[in-house]
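Next come the structures, one after another.
After this come two complexes, each holding chain A, first together with chain B and then together with chain C.
Right, the complex of A and B next:
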């Protein structure tokens, strides 16, 4: 018995010591595989380019705040996380951070004092970035960004998520890759695309599903669920690969056009993706955008046909597509203008058909296709309902400067009518997604515009 | 004491078509630019939203997109013997208001002038002799040729997104296009719009009489379109709400759809709305402008905006008014022919025939502003002026623009104007009528001119501009000639009845009914400083850093809608500024 108690006491002590160690022994920072030469300096503009490619501005700038001064609310399943001030202000920003401190945040998710960052900061992805890029970004933030004194709100999640040391364990599960980037066996351009997609672009943060521990299920291209589709803040982040995905149907040039301009022959980017286009993708070089598109198209091993250019300046006249076989029955029903058609179809005739047409194919680069549209048939119905109620905007971009705004119909259509319309859209032209209810619409109406 | 703003390289007065063109082309040079716009800002969404926008009563009848006479108007008289009175209610012409200007509410008819129209005096003298030119007609040549303007017409058409089919491609006449148009270096950037039933009926009848029908050239998108600035248009759905309305569909060519989004991205460009320019300020020696003074509506104060270059790109009437108020030339005197400002104000001479067919359904609500099939068989280059006794011509067009119930209810002659008989006729006729329009030239005359009114002032205390204008026999004879040619064509279509509307001998100008907002001239282009207000680059003869855009430059009006020539001249001017003026500011002629 004594022996047993002794063993038990010993185990408890070991346990307590382990727990204390888990909580208090500082986490080791990952060292760079190869240190940069002492006289290494980033190329002109490299740091700002990395900032754009990594879309830092989108999270670290609040709607009416100074650039990079933080304070933006990031919704997470655990509660609201407030983004930090990453200007070089010594008090409220990162002015006192050494390069090693900065690197630890990017690679290990650690603050200088060893506190764990919440993984809303996508260090799962940024840890794949090259040493040169992380360093260039640091130099840019420290020397080219004006310090802004802005004390941002502390993130205060509820128990147990307020115990940040728990992230240490989470990191054991999540950080199974990197640091550093491992290119796949593909041509150089696609490797560059892979780097941008996996690392700075952190596409997997939204477009890969989440594991049961809420880590990204598929961070690198060799993982099965990489970019297989996820859900973020009530939006479907559609699968970027596999049968039935939009990308399987689009050409490399169309993917590139979508990334760089938020619009292509089939679809438009809005909501979360609109922000990515606005703050990040439109600022990348043509070659990098093409590299990302080429990588995404080839991720399942398909041949990649590179276009000579994409989203070129006009004059370009683009004919709208005819109805296809799957959509022809709906198109014919609408064209018949039969007064006995269902209410949803009649509402479509009265409000939507002028731009999206009887074919459901819309018009290239202007009015998105509704047939097979991932927002129309997605598991999350809030975005589609919000677009109909509140309208939506595709941002002005360098190559397509028109800010393309669809008006809202919230004042014109009741909750019942929007539910009829949405339900009809989700079943028209071969679409096959479940109905929505007026209560679903009411909830979205109450919440106001999504973005 | 006026507030003073920081000096700019360029100040643009009015942010419509030509202001937007000047803005983007000069922004590409890296110049620091401000555009001052009298009206409000407006965008497709929210300002032109469906269905609020397609409200005929609000916009079509009550003219909510237009300039209010209380903001600005003119006084009108028919001749020097009358006392001019203010145009207190919009009727005959409808100047626009707000960002985009008339480019937001036009019909989208985009034409180039014929080659001979730009050298009309020489053409008349060479072909028919100078003695056919009537007394009092100021017939002139433009100081720039069609060949010189051709690249700029093409450039504007690419930017504006014009649908059509070239009839003269580098001199080759193409079946199905307009054989009488000036040569085009390239085909239209978009294919022609589809044809409505009335148009195809007209096409068949015209072809049967040996005429040469072709699709109207339309600032309306027939497909999705991307222009050279990357700006975009979406295909038109034929809703029939173009003229007097903003387009909710991104289908109508406008500064909003084709330029402004791209322009606003330039950090060296800014624009201020509710900022009405009151006058151009000249340097002490009067040789250059120092900037403009404007009224800041929000601050309720006058502001001086210094600038190295002043671009006058407001509406024709306003441009002439500003030049008169600022002393940018001598005022034209119709008795002596001396002076240049206000000279050669011209308009348009239009007519048409409505035809009624009990057994035909035209669905007039399926249309757009530039819909139709045209013929140019009676255009300026085709008419024998000597034999017919007039100088001029017209193009004809048939195609429904809209089926709006208040303003588009053509009824057979003899129908009661109200009561049960009227109602019955509406029921029987709506949807069973089609029309052919004649859109004719208007020459310039000593009588028709613009100057400052001696009596009336505007809200800023400035004298109103005075319009002296009346129809002249030459153009009325042209109009009657069109009637005589159009009636047999209309009759060949066998309508149950038809009703012609052509002004004839003795007709006098009436400001009440809408006629057209193609007001032209007043700061005309000329070979020398004696004959006009601006040179071939639309540069002021008086102050070389002032450039005046728009239809005020027209020596006399053409037979076409003015936008194509306005756009071509704007690109021609901006090209001259970019390639000749900036490196060495000076009079370019």
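Right, the complex of A and C next:
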């Protein structure tokens, strides 16, 4: 009995020591994969370009706040996480940080004192960035950004998520890749695209599914679930690859147009994706946008046809598409104006058909196609319901300055009617997604604007 | 919802759904929707008109677009409500018209609105004058007369046989125009109740999408109208 107790006590002590070690033994920073020459200097504008490609501004700027001064609330399943001030202000920003400190935040998710950052900061992806780009970004933040004194609200998650040392264990599971970038065996342009998508663009943060413990399931192109579709904040971030995805049907030029202008012949970018386009992608060079589009189109090994240009300067006149075989029965039924049509179809006739047409094909670069549209048939119905109730706006972009605004129909349609309409849309033109109920609509109406 | 004599019931329920696109399993009613019936005209809470004026507008519009014969009349379509609301609003007070002088009320009609009065004031001044004329000529206020006598009185008013001051000279044409407007305007303004006039003339309302139709000559467009606020008929 005594021996047993002694063994037990021993185990307890080992456990406690292990836990203390886990908490207090300093975490290691990852060494740079590639050392830069001592006299290395970023190219003119490189740092700001990386900042745009990595969309740092989107998270590190609050709605009415100074650029990069932090304070944006980022909703997470564990509670609100506040982004930090990354201007070079010595007290409230990162003014005192060495390059090694900054690199540790980008690559290991660590603050200078070894405190773990929450993975709301997408270091899972940024750790794939090149040493040059991280350095250029650091130089830009330190020398070209004005310091702003802005004390940001402390993030206070509830127990156990407030114990940041726990992220250490999470990192063991999540950070199995990198640091640094490993190009796939594809042409150079696609490799450039792969780099931008995997690293700075952190597309996988939204477009890859999440694993059981909430890390990105598919951070790099060699992983099976890379960009296979995720859910973010109640929105489907659709699969960007594979059979059945929109991208399988779009040309490289159409993908590039979507990324650079938030619109193409089929769809428009709403919600978070509208913001990604507005704050980040529209600022990239044509070549880089084309590289990303080419990489995405080739990610499953298909041959890639490069267009000569995309989203060319106007004036352009693009014909609205005719109904295809799958959609023709619905298109004909609507065109017949038969008073016996189902209520959902009638509501479509009375409210939507002027822009999205009987074909459900919409008008290129203007009114999105509803046939097969990932928002219309998505597992998450909140965005579609919200667009109908509250309207939506596609941002103005450099190549397509007109912002596209759809008005809301919340006052014109009751919850029952919206449910009928949405349910009908999810089965029209060959769409095949489950019905929604008036209660689903009521929930979205109560929540108010979703974007 | 009341069904009007001579009108097909708008309570038709949907038959089987077209083109195999029914999804909800519920045969939803595509034509009309459940609405709470409005207050009867007798109990209507007037915004501008007084009791005598209301009685006149009810009686006069009922003769201008009568309920008997083809199509709905001004009463079923609640034209008097439209007129009352318009007179209480911007139109009645000529809010966004140029109403500074000089006014030459007896200028020839082709020169437009020359009276210093706004439409609400014209109704207020003209109705008692016309009622007095009816009493003198036919022995009772307009609203009390037989339909045939009312028609004769309105004809006299239209022909200028009722002596009116130049300021209110155009009362009949204003009344007639307002009656037609109340009959055909979107229901959100109080008239054209349940879009009955649109149904009657086959106007499909605020749908604004007929790309499939311009080439289909001599074919009746079958779908009922929709109003600006989304009502279906």
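The rule is short, and it goes like this: the second predicted complex is superposed on the first by the 444 of 451 C-alpha atoms of A that agree within 3 Å, B and C clash if a C-alpha of one lies under 4 Å from a C-alpha of the other, contacts with A are read in each partner's own complex, and residues count from 1 in each chain.
Here, a residue touches a chain if its C-beta (ideal position, glycine included) is under 8 Å from a C-beta of that chain, and two chains touch if they have at least 3 such contacts.
These figures come from a predicted structure and were not determined experimentally.
By the touch criterion defined above, A:396 reaches chain B but does not reach chain C. Contact with chain C, but none with chain B, is seen for A:330 once the two complexes are overlaid on the shared chain.
Contact with chain C, but none with chain B, is seen for A:345 once the two complexes are overlaid on the shared chain. When the two structures are aligned on the shared chain, A:423 is found in touch with chain C, with no touch to chain B.
By the touch criterion defined above, A:314 reaches chain B but does not reach chain C. In the overlay built on the shared chain, the residue A:249 is in contact with neither chain B nor chain C. Using the contact criterion defined above for the overlaid structures, shared-chain residue A:354 touches chain B and also reaches chain C. When the two structures are aligned on the shared chain, A:406 is found in touch with chain B, with no touch to chain C. Shared interface residues of chain A, touching chain B in one complex and chain C in the other, are 351, 353-354, 412. Across the interface of their complex, chain B is touched by residues 311, 313-320, 351, 353-355, 363-367, 391, 396, 398-407, 412 of chain A. Those residues of chain B whose C-beta lies close enough to touch chain A in the complex are 43-46, 49-51, 158, 161, 189-191, 222-235, 237, 239, 248-250, 257, 261-262, 264-265. Chain contact summary for the complex, chain A toward chain C: residues 329-330, 332-346, 349-351, 353-354, 357-358, 409, 411-413, 417, 419-420, 423-424, 426-428, 435. If you check the complex, the residues on chain C that touch chain A are 14-25, 27-31, 33, 207-209, 211-213, 221-224, 226, 229-230, 232.
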